[in-house]
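Chains here go by letter, A, B, C and D, matching the order in which they are written, and residues are numbered from 1 within each.
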Amino acid sequence: MERDLSETIALVRSSLHAFVPELILSLGILLVLLAGLLNRRRGRLTLMVFGTIVLSLVTLPHHAAPFGHTLFGGMVRSDNFSAYLRALIDVGGVLTLVMAWRDTRTTERLSEYYSLLLAVILGAHLLVMSQNLLMVFLSLEIMSLCSYVLAGFSFTRQGAEGSLKYFLFGAVASAVMLYGLSLLYGFTGTLDFSSGTFSAALQQQQTPLVFVAGLMVLAGFLYKLAAAPAHPWAPDVYEGAPMPVVAFFSVVPKLAAIGALLKFVLVLNAFGQSTFDWQAVLAVVAIITLTVGNFSALWQKNPKRLMAYSSIAQSGFLLVGVVAFLPQGMQFMLFYATVYVVMNFLVFIYLQGFENIGLETIASYQGLGRQRVWPMVFLLVGLVALTGLPPTAGFTGKLFIFSALWEAYALSGKPVLLWLLVIGLLNTVVSLFYYLRIPYFAFIKNGESPTSTNNLTFENLFGLLLVLLLLVLFFSPGLLMGWINKITFVIR
Amino acid sequence: MMFPLQHFLILAAILFSIGLMLVVVKRHAIMMLIGIELMLNAANLNLVAFNQLYPTHRDGQMFALFVIIVAVCETAVGLAIILRTYHFYQTSVPDAVAELSDKP
Amino acid sequence: MQPYLLSFLIFTPLAAALAAVFIPAGAVKTFRWLALAVSVLQVFVLVQLLATYHAGGLQHVEQQPWIVLSLGSWGVFRAEYFVGVDGLSMPLVALSVFVLLIATIASWQTTRQAKGYYILLLILNAAIIGSFVALDFLLFYLFFEFMLLPMFFLIAIWGGPRREYASIKFFLYTLLGSILILIVMIGLYISVHDPSSPGGLVHTFNLLHMADPSNIVSHAILDPHNVWRLGPLDARQWAFLLLFLGFAIKLPMVPLHTWLPDAHVEAPTPMSVLLAALLLKIGGYGLARIAMPIFPDAALYFSSFVAIMGVISIVYGSFNAMASKDLKRLIAYSSVAHMGFVLLGLAAVTPEGVNGAVYQMFSHGIISAMLFLVAGVVYDRTHDRTIAHYSGLSSRMPAYTAMVLVAFFASLGLPGFSGFIAEILVFLGAFKSASTNGLLHESLAIIATSGLVFGAAYYLWTLQRMFFGPFDLKGGIQPTQITDLTVREYIQLVPLALAALAFGVWPQPVLDIIDPFAQQFCEHVLTVGKSVTFKP
Amino acid sequence: MEPAAIMFTFFEAAAALSAVSLIFIRQVFYGALLLIVCLLSLAALYILAFAEFVAVTQILVYAGGIVVVILFGVMLTAKIGEKPLVVQHGNVFGGALAAASLLALLLYGLAEHDFTPEASAVPRAKDAVQDTGLVMMRDFVLPFELAGMLLLMALIGAAVIAARTKDKRAS
């Protein structure tokens, strides 16, 4: 008993040093809640949250050993793969915060708002670190629960509807996932999916039930990724939610889910020993996701819904990096994810700027290209990057992930990978249709849009920064790939 | 003594399927919530039953405990959301709450 | 500064575009003069370039590492800033600089949103020249895609009444083509390694390395020994086909040409000029630079197919031109027909044919620029291009009629004009192919000659309808609108007319530049193409 | 049959029957009651599967907490004084088909799969509750803390949603 206690304390203490960012986030949540009781001014709260996230970002272990540290007796692990994704998640958080600060619509209950955002970030951190089924479930749940609330933060009819749909869909998805997890536990007798026992047990028993259980667990991840067939919630939720939340949803939970999915699928695939072709399963998912996302986006008139379908399609591109099942694929996926964060926020920051002046449909952007040249030009760069055309880093990212896929196809010769390659690239043409719709209305359609004194100076400066980042990453991707290259991907 | 594992698992499968059916068939948010509870409990039953196979650790039971906690949180938030929607729409039928959709 | 002439050509307009960003939008004159200054400067650089160019292989090469990523066990990802000119690109670069100057002058009247217009024009300028000189596939692709967006906006904002439809159609077709090219580009890049870098696997986008089959990594997807097949074709044949389709959309080839008439009709005059004179050439250029040298085996396999598509384009384009009621549409379809000759000449893989194909690109650049300018003259005055609305213009616009005569005769291939030289070379090449390398059947060349006849028919008929006979106007056009050429129009048209004549009478300097390329191209495609064809 | 086996069969049947009848029930109120029956039977099964602490938690939290909350929800969303809340059914065929095929799939999978117990299947210490506490605070300390955070956020979230703010565009 005595020894147990001292052991526990030693264990916890040895784990804490690599767990500082998460502790800071947790403290930040509590502090923001407390501060909300005393002071409700937007500026101070924002600054406080900003400080929390930045602190969490700078305390991330940047030279973690390649094999990382297993913390809390195998619950989570801190390695440089998770550190990179956590950093990206924090960057997403900071960008969301910038948007939230500029948001003129969400004014109520700011401290709760910010603490919920922080909690999602915390959950995302834990999800990419987890190597235990229980931790996967819990961190997914904390993200989901906070997201349900955030989706309704506009306190409007649409917000409530979005919340309800999100909740019902999410609860079912997590129940399905949980059932799958329980079966996996039954097969292996352990919750630690990075352990040798887990993968050895899975390799021995390759029955249909294992496949079903794997699919069920995937459903949970796909739901967070908004990947088909678990995507229908996204457009409704995005339309009803405040703009910063939409931008946040399209980045942070996705990054966390793709990181965890990547680790998990490798285990599920038993490192190539599985009798079931998980690569093909994911490839099919990616094909459906790309196609559904892009084709549904074609008919959208509301910029938020458009971006919802766009983010579904972009999940498909992220999945392409995972499907390659190659170390390069994962590195390129990280590159693409980084670029995605930048281009996505570039677009959203302007959509919010326009929403603030009262432009809520794409049709109302008519003539904006003449009145507000710079916002539209920067927005155009963002949309071009999302389409994946040069000279933006969006092109580089797509080039990278598709070259990894080509390589995977050359190695394995599975036809489904070739289909993914061809369909993925052809989808780019489809995506052009809707991404160009915004500049089309802004530059080409003639019309009068309401003039407002707000000249979006801040958005322009911020947008310029992101645009430059996209260009720099195109002309010398080595800057970023140098870092990503150092990430050694090991599951155990 | 240990009861046959298959009994637990089959019961869990039945509960899970019924839960799913409730979610699909019932046109009321609270009934759907009940269906979701059934699905969660099916998973819990699995976890507890499987723990009998691997008695050296308590992983399954611990997982089940955490699932109960999660279920509480989910129900609380879920009901709050249902009430909120009811306040706006005067109904708890999700199909009737449909202002957001792909408009042609 | 000599070694950096090509970079200077590419980056001057980009720098000017950047500078233009900071000029206030009201200063319309400044933008005009800036663009003109850039074009004139480019002409000087071009003169310098030509002066130091000697017939032969690759020259003015600049090679700098651009993206170098080490990817562990996968090798190194390397793209270079690699530019140079040879017998294929030199005439096209010269043409580009020349036509861009004319187009800049033709843009003089554009006052609506001049800032945006000239910035886009300058970017387009850089992209066109860049894609003709790039020798790295990624760099080429960058310039290739970089043309799309400026062109899209130039058509969509400054174009005619149906500009939205036309611009989107243009964009989608070309983007689809570039996606097909991208697929092959990625496949090539993972299949090819750089032999000159010692130690480790260096994947490269270098087009010269790609063209040498010994640089293909064994067991890679595009390895000729690969047994992979999909349907009736193997991997290299599919790759060639995709590249061919990608470039054929740009060329354009029937049946992928439908974007062209719309884009031409709706584009403002200077953009029609650029589109016809330069952008179409990139399709032919890509075939000759990328698709055929890199996949010579597949090029030989498909040569009949390519030639047949070329002949179909010639015949179909001519028929459509004859049926066109709109002057610009007529010219657009004549472009389709003329670009068919490029396909035919390249598919023959004989020195005459290739010389003819490249010369056709060069000469069509001059002639089509002139044709669209001529069409623009009448449109500027009346905003009506319907052929049937005019009659007997020669009495009121004698100078204009003279220019039209030159343009039409040059285009229909009258001896003494550059088009004649090009087409005769293509016929010769296609005809000789049967006896030298046995690729094409003689009948193809014979059918293609019918293109000349049809060309003569629709041009002469149009001349007769619009310019001769009694003076008459329909469709509400007032006689006061009909005035003869202005000084600026003379400045645009006369150099082109002189060029069309000069290169028709005295083609030798240009052919001297092209010929080494044509010889080397045929030898490469035939020898490598036959040696590579290995089927297990 | 032994008494334990009879109990086992009884509770199994109770859980299954209550779940099945949930399908046919159209009143939300009765639905909640049936859910209680099902959950309590499950708690009994947990005891028979040596998970006493889980069983206790199940009874306390579910039967005592969740179901009451659900009943609250039923009462709050039903118009008081009118006839009891009746639920319409939709997608009956699709739902039944989906559920039946899922069940068939799971049963097939379960039949195909052979669950073998760990070789050294030695039951754990007798003092289950104390043992659970120990494991909770040692191996599962991180999930435990995280669950605390989850509860806090759920509380905040529910409060934010349920609180009546200055109503914007309420009706």
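Following the convention adopted for this analysis, contacts are C-beta pairs under 8 Å (C-beta built on N, C-alpha and C of every residue); 3 or more make two chains touch, one makes a residue touch a chain.
As the structure is a prediction and not an experimental result, all values here were calculated from the model.
K.L.:
Please identify the chain with the largest separation between its CA centroid and the CA centroid of chain D.
P.N.:
C
K.L.:
Can you figure out the chain closest to the middle, judged by Cα centres?
P.N.:
A
K.L.:
State, to the nearest whole Å, the distance from the C-alpha centre of chain C to the C-alpha centre of chain D.
P.N.:
The mean C-alpha positions of chain C and chain D differ by 70 Å.
K.L.:
Between chain A and chain C, what is the gap in Å from one C-alpha centre to the other?
P.N.:
43
K.L.:
For chain B and chain C, let me know how many angstrom lie between their CA-based centres, rounded off.
P.N.:
Here the centre of chain C sits 64 Å away from the centre of chain B.
K.L.:
Nearest whole angstrom, what separates the Cα centre of chain A from the Cα centre of chain D?
P.N.:
The answer is 31 Å.
K.L.:
Could you pull out the residues of chain A that touch at least 2 other chains?
P.N.:
134, 138, 141, 145, 148-149, 152, 157, 163, 186, 189
K.L.:
Residues of chain B that contact two or more other chains, please.
P.N.:
9, 16, 19-20, 33, 44, 49-50, 53-54, 62, 66, 70, 73-74, 77, 81-82, 84, 87-88
K.L.:
Where in chain D do residues touch two or more of the other chains?
P.N.:
Correct list: 106, 110, 115, 118, 139-140, 143, 147, 150, 153-154, 157-159, 161, 170.
K.L.:
By the touch definition up top, name every chain pair that qualifies.
P.N.:
A-B, A-C, A-D, B-D
K.L.:
Spell out the residues on chain B that touch chain D in their complex, using ranges where they run on.
P.N.:
1, 3, 5-11, 13-22, 24-28, 30-31, 33-35, 37-38, 41, 44-45, 48-56, 58, 61-62, 64-66, 68-77, 79-84, 86-88, 92-93, 95
K.L.:
Okay, in this complex, where on chain A does chain B touch?
P.N.:
By the definition above, chain A touches chain B via 133-134, 137-138, 141, 145, 148-149, 152, 157-158, 160-165, 167-168, 171-172, 174-176, 178-179, 181-183, 185-186, 189-191, 235-236, 239-240, 296, 299-301, 305.
K.L.:
In the complex, go through chain B and note every residue touching chain A.
P.N.:
For chain B paired with chain A, touching residues are 9, 12, 16, 19-20, 23, 29, 32-33, 36, 39-40, 42-44, 46-47, 49-50, 53-54, 57, 59-60, 62-63, 66-67, 70, 73-74, 77-78, 81-82, 84-85, 87-89, 94, 97-104.
K.L.:
Quick one: which bits of chain A touch chain D in the complex? Just the residue numbers, please.
P.N.:
Chain A residues touching chain D: 4, 7-8, 11-12, 26, 29, 33, 71-73, 75-76, 108-109, 112, 115-116, 119, 122, 126, 134-135, 138-139, 141-142, 145-146, 148-149, 152-153, 155-157, 163, 186-187, 189, 205, 207-210, 212.
K.L.:
For the complex, give me every residue of chain D touching chain A.
P.N.:
On the chain D side, the touching residues are 105-106, 108-110, 112-115, 118, 134, 137-143, 146-147, 149-150, 152-154, 156-161, 165-170.
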